[in-house]
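Have a look at this one.
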Amino acid sequence: MSKLPRFDEWTCPLPLRHHTGIVMGHGGGGSLTADLVEHLFAPAFRNDTLDAMGDSAVLELPAGATRLAFSTDSYVIRPLFFPGGSIGEIAVHGTVNDLAMAGAQPLFLSAGFILEEGLPLDHLGEIVRRMSEAARSAGVLLVTGDTKVVEKGHGDGCYINTSGVGVVPAGLKLGPHLARPGDAILINGRIGDHGIAILSVREGMEFETAVVSDTAALNGLVAAILAATPDVHVLRDPTRGGVAATLNEIASRSQVGIVLDENALPIGGDVESACELFGLDPLTVANEGKLVAVVASEAADAVLDQLRHHPLGREAARIGTVTDQHPGLVSARTKIGGTRLIPMPLGEQLPRIC
Amino acid sequence: MKHLTEFRDGGLARALVRQIGQLTTRAWVLMEVCGGQTHSIIRNGLDQLLPPQIELVHGPGCPVCVTPVAAIDRALAIAERSEVIFCSFGDMLRVPGSSGDLLQVKSHGADVRVVYSPLDALQVARQQPGRQVVFFAIGFETTAPATAMAVHLARREGLKNFSMLVAHVLVPPAMEALLASPANRVQAFLAAGHVGCVMGYWQYPPIAEKYRVPIIVTGFEPLDILDGIRRAIIQLESGEARVENAYRRVVGLEGNRAAQAMLAEVFEETDRTWRGIGTIPRSGWRLSVDYREFDAEHRFPVAAFRTCESPLCRSGEVLQGLIKPTECQAFGKACTPRTPLGATMVSGEGACAAYYLGGRFKGGDRPLDQGARPRVEVAPV
Amino acid sequence: MCLAVPGQVRAIFESGGIRMGKVDFGGVVKDVCLAYLPDLDVGDYTIVHVGFALSRIDEADATEALRSFREMGLLDAESGEPGAVADGDSNACQTDQKQARRRP
């Protein structure tokens, strides 16, 4: 069973009416819902737009903004709490990062909650507290939201959808179709931490490890990269399916080949060991605080320099090169000097015995 | 990781490859039987490094590839029962039965769970007395001691809600069946090192002698596999046919006696159908009489089902090294990793999947035999 | 068929009447059943498959294997010749055939 965090850091600002857990009424739109909004959500995300409690959030855009990036994602993570984070941080960081990968400055988020009847209120409170901290650190405001409740037995405790908008600087061109032969492929740090952290608390797989999720907001890092050079072609965050999925997508969309150097991949010892134990390829394991940057080769050093000066990029490395060979495919030079193909992962990576 | 990383030294690997190159004067066909070795070969790109005269055939060494379709169909039928929690190793979830796989029945509401160890399934049974827990006991001799312990403990604790669907397969009968086939091309074997931990390698000398093939007990890391190949080539080049142990640090002649004692108590030999190959006599284990009450086949009799394999699928011939995947009409067309017809395309280290991915990749291409060979049946021993 | 990984035994305990161990796989620690290796001790290295320790890793054999690989590597570097590769590791199995074992 997953180890739960301490819930005493969340204190109920004003007493909610004698419920220790979510009940159907909390999603009904009546006084119980109002309670939840007033006493749990609003205090956590406190800002003028949210406090206005309109049916819609009306937002002031920065002067000169001509292009918006808009992203949405739903989070159905189990367990809700895991080493290094919870569904809360992931829900904020995930959407912030999707906006950042478009080169946008993330500004506003929405959050829709689908709660299971019986979810302990202090669990929800802790999730929301972490969301609020994550939003604050990332410099985004949560300006609108919604809550629904489903019957016990449905909903896995808590599902969250976040959507977000951000402003894209004029003239910026980024996209998975823009990789060019000769480009350098960079990553900001160690791969596989998040997926292994989740695995370590998954029922039936539990093991002791120091690995924690790498969940983080990457918009600051992206801003640093874009300031270093105009020659960034692609930015992607390798979440589900890991680096393997991301590179295959880029190779396919840009119709280029990619060659990885496995000796250059940053990876923590524990992550490597856990992958050995369960027969997983670290390239297919999920990350939540990593980005892959494809940049013009002459800009690689400048970008790496920027990355390494940033707290989220200390172990940044160049891991590969874009080539005109085998377009659409990703290959790797193995640690012993052989060659292997890195296929697009098909579905969830399962531990194997064979 | 100690005892792992040292055996992946790139410089030493390349030195071994050069040695092998210098020793090889003509074409040889080697087979590794173990899926784990196949995985290591592909994962490290070893097959790309070997001299072109050495052909490595990836044999029927992965439970994903050889578990009979009937067993999968039975597993699906049992998993669909509402009272059942069906526990399985991850490898089996995407293996197609006659219609569908475990992942699909899970998506229709069946309680299918991936476990790392059979003891995890036993624990689920202890925690859920109101449900029937069925564990899918597949795998070779390496895995059988683990499944044996699970059912042994279930019996000791008097658990009424734990049973196993057993489809264990044995390596030596499969090797003999391959060697006895008139179409056999394999000249030397890399024997499965981890099977050796359990069973030892005392079973191999009669096979080596009867069929005049070198058999090298081989490990899994790049240096181990290259060393196994090196020793096989040395023997082939000098006309020898002996058993050698190239994995001494964990394999001894007699194997693990405690494990073998448990195996003797829990299992008995049975004929087993190998997917794509056919029935090989006495090539599997099933629960012994004392353990019959824990046999999921008996506890959950399923109505007669029609097992059908795709008539287009030639994975059996691929597994025996009789044809290359590219020689199959369905390869790359009706049969792809996303729409597999047989197990060799489902499994990441199945030869067909490996060819599909690697064949589209031009760097380090190995010359492929041209021309299709006719279908050949395996001669049972 | 056999993904088995080396790990070091950190602690031994009993659970449900069987011998268990905490085994450290390069920093990742998992509970492993040691019932099939009654002589395995804390500090020993073992090969683990699906949560079961199957063999003790013989340090001397491991060292010897690496030594012979390194020797081959040196010879290869020096001369590019296969050199006199000592094949002393291969076991003469003719005598071992005498040991008939009862199969399960």
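Letters A, B and C name the chains as they come in the text, with residue numbers starting at 1 for each one.
In the analysis below, a contact is a pair of C-beta atoms (placed from the backbone, for glycine too) under 8 Å apart; a residue touches a chain by one contact, two chains touch by 3 or more.
Quantities reported herein were computed from a predicted structural model and do not represent experimental measurements.
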item	value
Chain located farthest away, centre of chain C as origin (C-alpha)	A
Chain pair with the higher count of C-beta pairs in contact (A-C, A-B)	A-B
Mean-CA-position distance for chain C and chain B (Å)	21
Averaged-CA centre spacing for the pair chain B and chain A, given as whole angstrom	37
Length of the line joining the C-alpha centres of chain A and chain C, rounded to whole Å	40
Multi-partner residues of chain B (at least 2 other chains)	1, 4, 9, 35-36, 39, 62-63, 89, 116, 120, 139, 143
In chain A, residues with contacts to at least two other chains	272-273, 276, 279, 352-354
Set of chain C residues in contact with two or more other chains	1-3, 5, 25-26, 49-50
Residue ranges of chain B in contact with chain A within the complex	1, 4, 8-10, 13-14, 35-36, 39, 42-49, 62-64, 89-91, 93-94, 103, 113-116, 120, 124, 139, 143, 222, 337-338, 347, 349, 357-358, 360-364
Of chain C, residues touching chain B in the complex	1-6, 8, 16-18, 25-26, 33, 35-38, 45, 47, 49-52, 54-59, 61-62, 64-66, 69-70, 72-73, 76-77, 80-82, 85, 87, 89-94, 96-97, 99, 101-104
Chain A - residues contacting chain C, complex	200, 206-210, 269-270, 272-274, 276-277, 279, 352-354
Complex interface listing, chain A residues touching chain B	203-205, 272-273, 276, 278-279, 281, 325-326, 329, 331, 333-341, 343, 346-347, 350-354
Residues of chain C touching chain A in the complex	1-3, 5, 22, 25-30, 49-50
